[in-house]
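Below, chain A partners chain B and then partners chain C, in two separate complexes.
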Partner chain A sequence: MSLIQPNQYFSIKDILVTEERVSSEVRQPMPNLGFLCSSSKKEHLDPGSKLDIPVWLASSLSSKHKSIVSCELPRFYKDSYKEILHADACAVELNKWNQYFYELGLILPPIVKDDNQQIPELLLEVFKSRFRLIMDCEQSVFGAHSIQVQLTALEKQLLKQGNQGKMLLINWLNKGVKHIQTSDVVDNLRKRKRMEV
Partner chain B sequence: MFCRDAVKLVAELNQTEDIKPFNEAVFRQVLEEVQSLFEENSKDVNTITEDNTAPKNTLLVRHYAMNRNKRCLLTYLFHRMRRLRQARWELGSIIPPEISKNLIKPEAQWFHNYNKSLATYMRTIGEDGLNILNDIQPPKSLYIEVRCIQDYGRLEFDGQSVMLKKNTYHLLPRSECESLIRQGYLEHVSS
Partner chain C sequence: MEPSEVEFLGEKKMVSIVPHFSSGIIHLISGPVGPFRANLPVKVPIWLALNLKQQQKCRILAQDWMDTENLNELIEKEKGEKLFTEMPSDHFMDEAQMLLTAGADDIPDVDNIRTAVKDIWDLRNAKLRSSVIAFVKNQGSTYAKLDHLTAMEINSIRSLLPETLNVMLQIEESGKSSTSTESQQFSSTLDTTHSQNQS
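What follows is the complex of A and B.
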């Protein structure tokens, strides 16, 4: 039972999403930070040098009034990959592209300036077509494992919640005496013990 | 690149919902990173002049890195605390050694204080207190049938006592054994 919903600041997922890298180009000189660019041995970062920086840094450095760096879209939001998704989003192993495909797509547009208008539509379209697949997978007992390998973090979460919901419904339909369950914490501890033995 | 270590802590949280041993080595490394970032910044801040504003960018980068580190550390602490509180609600005031050995001193202290405030609060409800951890689901019967799946020892209630040995069945008042079921000593048998 969680009493407080962890907000954005403490959100584990949010931190992990913003850790993804984007390639960027330095626009203003940054003295003493040459070590960030592993290919050059210079002491300072000069305008024009390219480096991969995490999204949290990119979003702070490329806001409207100060454009210290300019960022590029990751390749899997670009046109060639879009065509793959348009063809059949369900056949793609999306988690190999990026574990946080949707979340990243949502935070990138303000950071990356060029032709990013279509990302939200792309995400929506991909999600819509894949959502059916997840729903089907929830309802059927078979085939659940084969699909899991290609789901992103968000979709896995959905699948898990769907399964839990299904179990709750079945329990409710069976009614009877409310059962007291062993706590999940204890269950996990037991599994660990069994492994150690 | 900055903040590599700090993210390790957060990734560790993401792996499991358990309370793992406190990762003090990495935690300390991150603190040292913050310290060195701060020192470099306070050194460079004097080099900014009217015509040379370039170091400002460097300062910004380091500043964001510090904030990021801080966020990761606080998240690490926050989620451990959240899990500890959850364990308190599910397992009661005494947590198993598997968890308690993974806590550091301030966390143990926090747990102690949390126990205390919870107990104080429960004592203020009604005339002689109410255990709000009982009856998380609405009870349908006063007595339930349970099977003992782990040796517990003697359980005393209302002047009676019962020996809880492995693989024995008992019909017990629900209020007495609810916490034992959640702790995994008993199993609720469907009737």
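What follows is the complex of A and C.
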């Protein structure tokens, strides 16, 4: 499992992650694109006007060489939210902020220029402290629904894997011996041909 | 790996049986077994013991450590220590599960032994859980000592822990990659060796 696979055009997850809107400021005039900014009735977009654009668009508009727009961090990576996370990350319903909190945080740094150095550190810290939630949830396989709804997509995926292992173990403890399945690798091996005599 | 596969590995352990028949040495890939003399105890692999028991050709003797006094001592020791204590066998849980189920009518005091083994298992599981959480939380110390952990226990955290560490590594890496790409390559090779160790 990997967090993000860059340049996966058809990855649904990638699409969902980059749906998030960031507020940005236009740096260069964009002719005939006035309709993007719903508040103004002008035909052209002037430098200085504010726009909410999705991340997938922002990433191509704010390349290193010539940035057409400059983007701000989404609010939940900003200092005020950071403090909430520092206080107790487990108490936060992170999935309400963003289902893909971690994934989004990882792709933002190249797009957003200012004070973004701390995002990975923040993500790591949040993930570490929220790992307890996953473990708690895994421990009580039946139930703990209230915790489960707070998890983000990544955490849910981890939990699902953990649960699978847990169920296997519980089944084994209850039922005991079961037939062992042939592993796929062995299944795919072709049988050796008998030597011609 | 599934628990039943760990159990399969555990079946290679030896156990004493009292056969009801006589036979010469049986030569197997894993080594010779026998000779069998009726009513004289002999050591055989667990899988063979289970098979003979099913055919009612033997009586299974409990492993040396399977007695309530010994197990209760182990429980006390396990409770007293912060770290894991040494278990009598690498596969104590699966051995107990197999032998106590198959040989329920041969081994005296089966129920108490089973409860004691389950107690140890629960104790150690709780310990394992809290140490995994602690390990993830302060990952500044980047290694964990797995002394005296048995195969089934290691397998029980395999579904969650390696992936978690993987995610943490990826987040950490992305933090570094903005400063230098070289270190990223280095840590990704580290990652592969790490996951090999895990599996």
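Keep this in mind: the second predicted complex is superposed on the first by the 158 of 197 C-alpha atoms of A that agree within 3 Å, B and C clash if a C-alpha of one lies under 4 Å from a C-alpha of the other, contacts with A are read in each partner's own complex, and residues count from 1 in each chain.
In the analysis below, contacts are C-beta pairs under 8 Å (C-beta built on N, C-alpha and C of every residue); 3 or more make two chains touch, one makes a residue touch a chain.
Values in this document were obtained by computation on a predicted structure and should not be read as measured data.
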item: First (chain B), second (chain C), both or neither touched by A:L57; value: first
item: Partner chain in contact with A:Y102 - chain B first, chain C second, else both or neither; value: second
item: Chain B versus chain C as contact partner of A:A87, first or second or both or neither; value: neither
item: Chain B and chain C footprints on chain A, overlapping residues; value: 1-3, 176-180
item: For the chain C and chain A complex, residues of the former touching the latter; value: 2-5, 7-8, 97-98, 101, 129, 132-133, 136-137, 139, 155-156, 158-160, 163-164, 166-168, 170-172, 174-175, 178
item: Touching residues on chain A, where the partner in the complex is chain C; value: 1-3, 102, 106, 109-110, 117, 119-121, 123-124, 127-129, 131-132, 134-135, 138-139, 154, 158, 161-166, 168-169, 171-173, 176-180
item: For the chain B and chain A complex, residues of the former touching the latter; value: 1-3, 7, 10-11, 13-14, 16-18, 40, 44, 54-55, 57-58, 60-61, 64-65, 68, 71-72, 74-75, 78-79, 82, 85-87, 89-91, 96, 98-99, 137-141, 144, 178, 181-184, 187-188, 190-191
item: Residue numbers on chain A that touch chain B, as the complex places them; value: 1-4, 6, 9-13, 15-16, 19, 28-33, 36, 53-54, 56-57, 60-61, 66, 68, 176-190, 192-193
